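Dropping a structure here in structure tokens format, bear with me for questions.
Chains: A, B, C and D, in written order; residue numbering restarts at 1 for each.
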Amino acid sequence: MNWTSPSEFFAMGGYGTYVWGSLSVTVAVLFVEFVLLAKRRRAALVRIKYNTTLRREVGK
Amino acid sequence: MIDWFKYSSPKTFYPIAGKAIPWFAAIATVLAVAGMYVGFFMAPTDAQQGEGYRIIFLHVPVSWMSMFIYVIMAFWAAIGLIFNSRLSGMMASALAPTGAIFTFLSLWTGALWGKPMWGIWWVWDARLTSELILLFLYLGFMALQSAIDDVRRADKAGAVLALVGVVNIPVIYFSVQWWNTLHQGASVSLTRAPSMATIMLVGMLLMALAAWMYTAAISLMRVRCLILEREHHAAWIHELKEIKQ
Amino acid sequence: MLEVINLGCLRGERLLFQDINFRLEPGESLVVTGENGSGKTSLLRMLVGLTPLFSGSIQWKSRPIDQMVGEYRRELLYCGHPLALKDGLTAVENLHSIAALAGETVSLTAVHDALDQCGLNACAPMPVRALSQGQKRRVHLAKLLLLKRSLWVLDEPLTALDVNASRHIVQAIDQHLRSGGIAVLTTHHGLPLAFTPQTIRVGA
Amino acid sequence: MNDSLGLYACCRIAQRDLKLAMRRKSDAATPLLFFVIVATLFPLGIGTEADTLRTIAPGVLWVAALLATMLSLPKLFEDDYADGTLEQLALSSAPLSAFVVGKIAAHWLLTGLPVAVLAPLLALQFHLPSSSLLVLSATLMIGTPVLGLIGAIGASLTLGIRGGGILLALLVLPLYVPVLIFGTGAVDAAAAGLGATANLSLLGAMLVIGFFFAPWAITAALRIALE
């Protein structure tokens, strides 16, 4: 184990800004990509559902 | 003999992809946690770069992935052109944004590493410069596809561009390296980090595999979106349980 | 000679037509009718090999056309909507270059003859920019006479032509069929051909 | 038979394009004028210090040449596409790639070649030593056809697309990087007293490779655009 205390861990030997800056942005960007895709999927599903009900109405 | 063409139809592929996504996502999470643990808790402090070197556990995997995705993209593009299958084109389109994101992350983490190591945010290092050009290639691919309204034409045009790009990448990389040695002398290379210990390599490999699995999961998600958007008129779409419920 | 089997066309997300079948022997012609946007032009473009087939097959002399590209193209003449004329060149230069680019060497006298037959001898040395729409169309169609091809595929050949010029074209097509050629065309106008053409209607 | 047909087709389309360009001389001269003006702007923006100018000269002249050839690229296939000539070419019994090569050759004769001839004159304004003037011209002679081949890929991919011109730049400029690097590298090497042969032969190799592969990509893209 490299670290004796949490504060030492977060300081990263003085490189905290750079290390955590890299990590946080990476995680954030990948998370945003996921969220945007989930939204896109919902939008596509809503559109199809609308069309399906429209079809059924016409079919009746 | 497996009937590959059966699996290449969006109708069959859509549910299979849906089942595979959680698995890929789970494996990606496990690998990422393991990789981070190795990288931050097991790998020793570097003698020269101190703790700052730990950025490589992010930087190297995303850089690998950014280049690798372009190759896979070109592979699907080629398949799409040869066999004229719709799904291949969608795969290529689905990979491009993720590839661009990884390329951006590679540049971002590279800059954040460069600042403490070299004292400047941007170094015209061969690798960073190639990554920047790779980002332009991804953006060009995406811009071309979004500019063409007819999706079939967009797929095919994108495929040609991806193939041209993949042929050019080695040339670009070689030329940038040549230019770099000419103008700067030997530069500090990011991956040739001093005395790479085995444990560091393990951490990097774990993270690279995690990035790979993430790419698989997210690009399958995007393919499913593309299928829903493009095939919304098809009868089978209306029979899906997520539509019926 | 020319046989089309179960041809189908998908444009974007729309199925324009499907199960188109016909067969043309030397001396026969086909008129394709249908409303705007019904896929007439798409059918012709599939026939000449510009648009890939969505379903079905097209055969020339009992062989699929995509297996004999060069041979098929040497017998084919396609006149599409755009006129393929260069404004900056004269009528003669245009025709001469069209023939050369189609892969044929023709003499200047042959070019002048073709223009004469279309009633364009006065326009021959004029840049195409200076011609009227109908005259341009006639220059465009003069290549029918210039290039000796056995299969003519004509998209709306009578558009923008006056009565006189239309008659010229109809005569040219008749002559072509009489000498054993094949013609496929689309038209809005009635086409008083000497031989009764087959007709086919595309679209719903 | 097929080869001679291809060669004939290639020459005829080049001849026609040149003839058309000669009838609209002002259009043909625009890229050249652009090249001169862009190169002139740099000393105005940077200052007239001889050493600085000498250092930036190869890069500036090369980038200006690159932009000048790119400027006329959208027109390369656009006119033929719009007036239906392109579909006739695609249906010709001569191979489409022969026409493509012919058109690129004509484009080069109209932009690349004059730029390569003019560049040494402009280089004098940048105080480039006379020994590297010839090298500069040579790199442009070999390099601009490569730019044309790569650029034509972009032009064929963006055919008939809204905002095609700017998209073309986005697609093509990253692919121009190696040519730019070896082109300017040769001039730098010559100025430094090292031989420029290595760079020049690399440029030559790229020209050969481009000549074999680019027409394939271009014809594929053109057929896609015509579908």
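As a convention for this text, contacts are C-beta pairs under 8 Å (C-beta built on N, C-alpha and C of every residue); 3 or more make two chains touch, one makes a residue touch a chain.
Fair warning: this is a prediction, and the values are worked out from it, not measured in the lab.
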Chain-chain pair with the highest tally of contacting C-beta pairs: A-B
Chain whose Cα centroid lies nearest the overall Cα centroid: D
Intercentroid distance (Cα basis), chain C paired with chain A, Å: 56
Inter-centroid spacing, chain D versus chain A (mean Cα positions, whole Å): 44
Centroid distance [mean C-alpha coordinates] between chain B and chain A, Å: 16
Rounded Å distance, chain C centre to chain D centre (Cα mean): 36
Chain B residues counted as touching two or more neighbouring chains: 233
Residue numbers of chain D (touch at least two other chains): 227
Chain C residues counted as touching two or more neighbouring chains: 52
Parts of chain B lying in touch with chain D, wherever the complex brings them together: 81, 133, 136-137, 139-140, 143-144, 147-148, 152-153, 156-157, 160-161, 163-165, 167-168, 171-172, 174-176, 178-179, 182
Footprint of chain B on chain D - complex, ascending: 153, 157-158, 161-164, 167, 170-171, 173-175, 177-178, 181-182, 185, 188, 206, 213, 217, 220-221, 224-225, 227
Residues on chain C engaged by chain D in the complex (per definition of touch): 48-52, 70, 73-74, 76, 78, 80-86, 88-89, 93, 97-98, 100-103
Touching residues on chain A, where the partner in the complex is chain B: 1-3, 9, 12-15, 18-19, 21-23, 25-26, 29-30, 33-34, 37-38, 40-41, 44-45, 47-49, 51-52, 55
Residue ranges of chain D touching chain C (in the complex, touch as defined): 2, 5, 8-9, 12-13, 16, 19-20, 23-24, 82-85, 87-94, 99, 223, 226-227
